[in-house]
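Dumping the structure here so I can ask a few things about it.
Order of writing sets the labels: A, B, C, D and E. Residues in every chain begin at 1.
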Amino acid sequence: MGNVVVWIVWIGAAFGCIASGVAVVSFRNPFYSALALIGNLGSLAVLYLLLSAEFVAAAQVLVYAGAVMVMFLFVIAYLGGEADAPFVGRHGWQTVGAIIAAAAIFVEIIVAVGESSLSHPAKIDASFGSPAEIGRLFLTDHLLAFEVTSIVLLAAAVGGVVLGHHSRRFDAGT
Amino acid sequence: MIAAAWICLLAPLGATLVITLAGMRISGRTAGWIATTSTSVSFVAAVVAFAKLLSENPEDRSHLSTAWTWLGTDQYHFGLSILLDPLSVFMMLVVSGVGSLIVAYSIGYMDGENEERRYFAYMAFFVFSMLMLVQAGNLLLLLVGWGLVGLSSYLLIGFHQERPSAIAAAKKAFIMNAVGDATMALALFLLILHTGSLDFGSLIAISSSSSLVINLVALGLLGGAVTKSAQVPLHTWLPDAMEGPTPVSALIHAATMVTAGVYLIARTHNVFELAPNILDLAAGLGAVTLLIAGLIALVQTDIKRVIAYSTMSQIGYMFVGVGVGAYSNGMYHLLTHAFFKALLFLAAGLLIHALAGEQDMRKMGGMRVLMPRTYWLFFVGGLALVGIPPFAGFFSKDPILAAALAHGTFGAILWVAGVVGTFLTGLYTFRMLFMVFWGEPSAYAREHHHVGPGTWSREGPLVMFVPVVVLGVLSVVGGWIQVADFWTPVSNFLEVSAPPLVTASGTQEAISSIFAVAFGLVGIGVAWAIYGARRAEVPSAPGVQSALEHKLWFDWLYDRAFYRPSVWLARALYRWFEQPVILGSLREIAAGAKESGSLVSRLQTGLLRVYALAVASGLAVLVVVFISVR
Amino acid sequence: MLGPDITWYLAISAILFSIGVLGVLLRRSPLIVLLSLEIMLNGGNLALIAFSRQTGEGTGQVFAIAVMAVAASEVVVGLGLIVAMSRRRLPLDVDRLRSLRG
Amino acid sequence: MKIPTPNVDWLTLSPELSLLAAAAICLMAAVLVPAPWRRGVGAFFAFAGFITAGIFAGVVFDRSVNSTLEVGNAIVRDRLGAFGAIIICGSGLLAVFVSYSHRMRTDYVAEYYALLATAGAGMCFLLQAHNLMTLFLGLEWFSIALYIICAIDMELETSLESGLKYLVIGSFGSAALLFGSALVYGATGEIDFTAIAAAADPHDGLLLAGLAMILVGLGFKASAAPFHQWTPDVYEGAPTPVTAFMSAATKATALILMLRVLREAFPQEAHDWTIVLAVLACASLAVGNLAALVQRNVKRMLAYSSISHAGFMLIAIAANNALGARGLLYYLIPYCAMSVGAFAVVAARERELRQPVTLDNLAGMGWERPFLGAAMWIFMLGFAGFPLTGGFVGKFYVFAAAYERDWIWLMIVGVAATLVSLYYYLGVVRAMYFRSPVELQLMPAGGSPPREVTLQVGVALAVVVTVGSFFAVQPLIEIARKAAETLVF
Amino acid sequence: MNDWIATILIFLPVAGALACFVFPVGGNAVASFAVLVSLVEVGFWIDAVTRFDFAHGLQFEQQASWFSDLNVSYHVGMFGFSLWLVGLTVVVMAAAMAYAFLAGRERPRAYYGLMLLLTGAVVGVFTAQDLLLFYVMFEAMLIPLYVLLGVWGGAGRLGATFKFVAYTMAGSLLMLVSIIALGLSQGTFDLAQSGTSSSNWIFLGFAAAFAVKAPLFPFHGWLPDAYREASPEVSAVLSGIVSKAAVYGFLRIAIAKFPGPTEDFRTLFLVLAAVGLVYGSLLAFRAPDVRGVIAYSSLAQMGLITLGLFATNDLGFNGAVLQMVNHGLISATLFLLAGAIERRTATGEFLLLGGMARGRPALATLLMTTGVIALAVPGSSAFAGEFLVLAGVFQQYWLYAVAGAVAIVLAAMYMLRLISGVLHQDVGSAVSDAARDLVPAELAILVPLVACLLALSVWPAGISEHSFPSTTSPSTSAPARFTPPRTPAVPHGSMSTEGGISP
């Protein structure tokens, strides 16, 4: 019974994931694309939950879908009409090439995965994926990764300030 | 004695250096005296050496002196050495003796020329080169002398460097002689390969080689000899060489250098004797040359060219002589020929000098009146040339014919040619004599015959005239030092170096003498009839005449067969190979590289998506590679 | 593991990655390109978490969280650039950013 | 709950920390220091940061005879990383010299130096990375810093364009790297390099696909063809000092990292990646050299040249032997100096002309600015692999490594590429010396050029390294050998 | 083992070059300084000659490790033949610099610095006893040459420079491949210590480099342009000494280290050399200007020298070395004379020249003397060299010597054409009365060169007997002894070396 529910949830999430992904790249308006991406991130969070990654799922929703995408939407709104852009390139061969390349990458990954002898999933205890467990990892084995992440974010913040700063000297129209 | 030989060799070189380095600081006349002195010193030294040599046993008359190793490697050493033996002393005497006379003569002849100093430097250098040739202690040095005389010949023929014809003649002489040098060099390479030495003494070692090798060596040497001595078929440079000043013609192209071929064959007789076919070839070429040259001389109008052809012809006799193995006879003829031919040239020089450089016999005539002494000297020279007793030519030419007669069937053919040649000699010599000296003085002669300032007589300055007289005397008495069969000091002297292969009997000598003198006289008679007394017309044979006037088309042939093809080849190579392939290939390659460069550059479209596509495609390909290649 | 075999999760992740690739390769709006990059990164994250579940240890999840932060950083910088460009009245169309080429 | 936090070996992290400290000071300066002083303060602290970091890296090098894993096995303290850090600090130092003269503006100048130092720190960190996560994070760390300083000249369209292109393509590459890392993680269950090597099944498709994707990510950073296309555009568009820094430090980082990852994590898959790298090397050589032939813009030309140099250095990695490893490390020393130096000269000329430097407007520079001209000459000769510069010895080692691998064809390709490269390297010399401005009717920018002492000092240092590395091969190769001993061949 | 002379000879001019670059002094000062340095260099060389022991091989050695990692060292030293080539270099460079002083060159500090640098590099090539050092010096020659050609050349200098560099680098990069292969396979890059190799392709790599640099037919595409466009003294240096570096390489490396491949490819190289000899002579015959004739004659001479080297016997080697020195002096003199002519008439075309002998005795004498030596008139040193070379190659196969003989005749043709075209016949339209005779300063440069040639003509054995250690003499150490492989010279074994000629 629970299994059926899980399956339904899985299928729904997977479908949502793919559909929203397709939507992101196919909407003409970036605003809708960004919204679609939120959906995508949400569906992914569901999948993460199914994979027993509760903390990641939570972070996904809160940080990613929440904070990051909101910033995205703000920027799109700020840009307004300028954000509109033509759909695809002018060159037919480019489109064809892109599709072939993407399809090839997909097929290759599938083939690689299929050929690989992935053993059965490991047994896990309840703490797997819990915030406590993740926190422990961040403070022990991956302490440095944690710190570095902060540096990266800080650097990006500086970048955001520098690039986004409203400077009269080089603004258009002056 | 060796010291004398070295002095003999180096004195003219010293003169060359002194004159060159002194440059404008000395006058042309001083330069002339320096050159004359040096050649005279050479002559004196040669005489000293000769006297010393005579005082020794005939068997011991060979001295080799090496200054240092001129060219050498670990295994081979070719010394800068001179060989003093009868043959070389004989030649030294001829070269330095005649040389000093002619250089002295030049002082007068060249007086007032623009660049006398250069002339005398060249002349002294020539004497040095010629002495180097004859004194060389091994074949390499002989080749050195051989080349250097060619060089001096080139320099002197082209002395009037503003005259295109002179320059062309000089180049022609040098290049044709270079051919001879090349064949000689090849022979030398063979010798080195098979005997490891170029020493005259070890020439005999070639006998252990195959006959092909020996023949090739002999052929190579003969090539050099034929070229240098202007024998058919490599003779065409000599007539043109008359572009040079007349003393040059006398010294180089009559008395000394052109006879070097004879000397070479005598010197390397060891090789030639091992290759009798080649020796016969030499004799045969000599015979052909003496006939052809005699014939062509008949139609020449330039006085110097006539003498030049007669030189070829006489050297033909010498070739016949050495070709049948009568080396000393050939050498003896070389000596007398040096006297009377130099006499003829110098006398002609007096004429030309007096006539402001005119050489065309048709513009002369009646010079007997204007220049009687010259006429008599010329007359003596002519008789000596034709071989009328008691003049020198008689005593030297007839033994050659006799030796030919003693040489068997082939010799008999040579003999016939020689005798016919005597007729031709008489004919062309006296044709020239009568045309120039007999009859009434032409208008041109009257007009141009001038008496230069400070001249001794109407015929030329003393410094010119004295050597001519000396040569005139020598042309008479020079023949008396050897009378075949009776008194042969010259042959005896030379035989140590080159023992003869044939000895003519008294009968043969007599027959030869009678026929030769008779034919010579007939020739003179015919000439008198046509040109002297004008009793007969010039026989009309237009075809023959045209052939002779075109010098039997040798020049034409060489032009078509060698010169033009090489010019054409050079141009064609440049146009069809060098330019498109060698010079153009890099241009093509560079253009190709740039082309592909701009292609790559065009792929760099500036389009972000294209870049991403490249990365994605690369990714796809890489994954395929990694998955498939395990 | 709940739901299907890990292979299916990986399939989803591969699809996401490919969709992201397609987006980058096809779309001309830099904003959507940025979004597509996010999708690619999320495809990677999904794979990481799936494998983490497979092996039963948390490294993959930690990795995924780090990736999220990085993705956020990229978005910040990217958006900053886009804003700067729009201020300069540069076209928001990657196909028209061609002053650098050759 | 007591969490056993890992022991942190501060010495290992000292280069990064020095640089981060410098960056922090610069950032604060951006806020606290009056605008006119910011330039000096920022440059000084960046300078100090790079110096300190370089010294610390030297100390680490000296004290790390045996490599040890630090901070929860996330990073490794070894001589390879320290060597890389020294090179990066050297490049950074030179870049600071160039920047000081070039960046006369006061807005964002302190931030600029902060980000430069941050990027340097990221690179140092990346070179110590010992698992896939630190690898990815380190890569993003310095990349993000670089994206920003590429675009920092916001009044220039090209600068923004280059920043965006770099960002998009860079993120694309990072995503590939990430996905590859995930696959490798899946195939082995490990992210630690040595653990991956231990657990790997060299015929596992998943692992190999992952390796391929990681290679794409790294190849992208090293600008190996066909992942090179961002390079010319970004190098041309970015501010010249940034280009100088990128071309030297990024390439050094990416190549050393590639060497480390491939040797430490994927030694068993060598049969695959050596061939692939050899092919990538050939492609890079071909593309870089051919495209450079037709460039007029000098920065762009140098960008293509850096692609071709990536090809040369990939040969050393592809050779997969100790000779190649120390050859690569040696090569990087003169290469980085030449690269920064060449861009520095371009920067000087740019300031003088106030327009992009092309081969045409280089004309006569050799005579007008003898020092810069001679320096550029030396750099070009070095790039072309002429003797009397370290570039020659570098190429010599690279070819020797290929020979040791029995890949004579690769040597021949390298030789052919060198030959082609001569055309454009010497083309610069030709432009500088062989034509006079009179001939070309070129108007000079007017006035005496600004005194650029720091730039000239930077160029002089680069010359000293370029030429010095030729004469001091023995000590340098000894250092490179020690650094390469970390890797087991 | 530790004699500084080679190092001094290499680095004295380099130091001079740096001084030129660094100290801002006037044109005349720097020029005289450069000439002074080059003369000091000549002095050091004379010192080396006086101290050289010609019975032995490698001398004046000095070795210092460069990088022991691959056993590369700074190892210099001289053989007899190296000594002569070094002498050629210092003499010709001194003359070239003096000529430049006279002619006046713009940007003198750069110019003389580069010339001095070039001197050091060429001396380095001739003294290097380490493969990599050899390569370094070989390439280092190119750097100053490139600029000398490109900056101070004629109107077509850019194309000429490009060709020159493209060709020579193509060859030398192949050589680099070969050097790496040889050095790594031998375990050392030291020339004195490494043994021989039998690898064909390594040999061909070396051969390619030397064939291009020399140049041998058909790799001479760079030659006509470079020799025409360079300034006269640079042409003199190019054809006089730089080309010798290549044939020296043949001798020192290609032949000495690869006896087997030399044997295998001998026919190829002999044929190329012989074809080049005839081909170059033919093209020299049609060249329309003075420098063209000299350029193509250089090609021919390089063919001749290669013939000698690949004869691989006593005669050939010694002849080749002698001919290298000869040709170096000859072509340098001829190019400087061509320069003197061009300075006076602003052209080198035969169509516009002629009649310069009249009133210009010094020019005429020098050109005539050099010209006849160049066409190898018997008795000249060039004749001595050619004779040995052809006698040597004759022992391989007679046809090569015949080709050589043909070339002798062709040489006479083109050289006389040059002499006559300049000196003789009608006065050319470009020759005005203002074109004076050589001035004393020019004589001071040219006469020593010609004097060297004449001295060599008097005693060519001075070089040909003093280039290789005598095979019978004892040697101090095994690596110090380098004698190229010799093939039995005389099939019969009946050869007597003395033959009663030598004292």
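One rule holds for everything that comes next: a contact is a pair of C-beta atoms (placed from the backbone, for glycine too) under 8 Å apart; a residue touches a chain by one contact, two chains touch by 3 or more.
All figures in this text were calculated on a predicted structure; none of them were measured in a lab.
Any chain bridging chain A and chain B, meaning touching each of them, is among C, D; the list is complete.
Chains touching both chain B and chain D: A, C, E.
More C-beta pairs touch across one of C-D and A-C than the other; that pair is A-C.
Distance from the centre of chain A peaks at B, each centre being the average of the chain's Cα atoms. Set against the C-alpha centre of chain D, every other chain centre is closer than that of B.
Every chain gets a centre from its CA atoms, and the centre nearest the mean of all protein CA atoms is that of E.
Note: centroid distance chain B to chain E, computed from Cα atoms, is 35 Å.
Rounded to whole angstrom, the centroid-to-centroid distance between chain B and chain C, based on C-alpha atoms, equals 97 Å. Averaging C-alpha coordinates per chain places the centre of chain A 71 Å away from that of chain E.
For the pair chain A and chain D, the distance between mean C-alpha positions equals 30 Å. Within chain A, the positions touching two or more other chains are listed as 89, 94, 97-98, 101-102, 105, 108-109, 111-113, 115, 118, 141-142, 145, 148-149, 152, 155-156, 159, 162-163, 170.
Residue numbers of chain C whose C-beta contacts span two or more other chains: 10, 13, 17, 20-21, 24-26, 28, 30, 33-34, 45, 50, 54-55, 57, 59, 62-63, 66, 70, 73-74, 77, 80-82, 84, 88, 94-95, 97, 99-102. Shown for chain E are the residues in touch with two or more other chains, namely 162, 166. Applying the touch definition to every pair of chains gives A-B, A-C, A-D, B-C, B-D, B-E, C-D, D-E. Residues of chain B that touch chain C in their complex: 601-602, 604-609, 612-613, 616. Those residues of chain A lying in contact with chain C across their complex are 6-7, 9-10, 14, 17-18, 21-22, 24-25, 27, 30, 33-34, 37, 40-41, 44, 47-48, 50-53, 55-56, 59-60, 63-64, 67-68, 71-72, 75-76, 78-79, 82-90, 94-95, 97-99, 101-103, 105-106, 109-110, 113-114, 118-119, 121-124, 128-129, 133-134, 137-138, 141-142, 145-146, 148-150, 152-153, 155-157, 159-160, 162-164, 166, 170-173.
Residues of chain C touching chain B in their complex: 21, 24-26, 28, 33, 94-95, 97-102. For chain B in complex with chain D, the residues that touch the partner chain are 590, 593-594, 596-601, 603-604, 606, 608, 610-612, 614-619, 622-623, 625-627, 629-630. Chain D meets chain B in the complex at residues 164-165, 168-169, 172-173, 176, 202-203, 205, 208-209, 211-213, 215-216, 219-220, 226-227, 229-230, 232-233, 271-273, 275-276, 286-287, 289-295, 420, 423.
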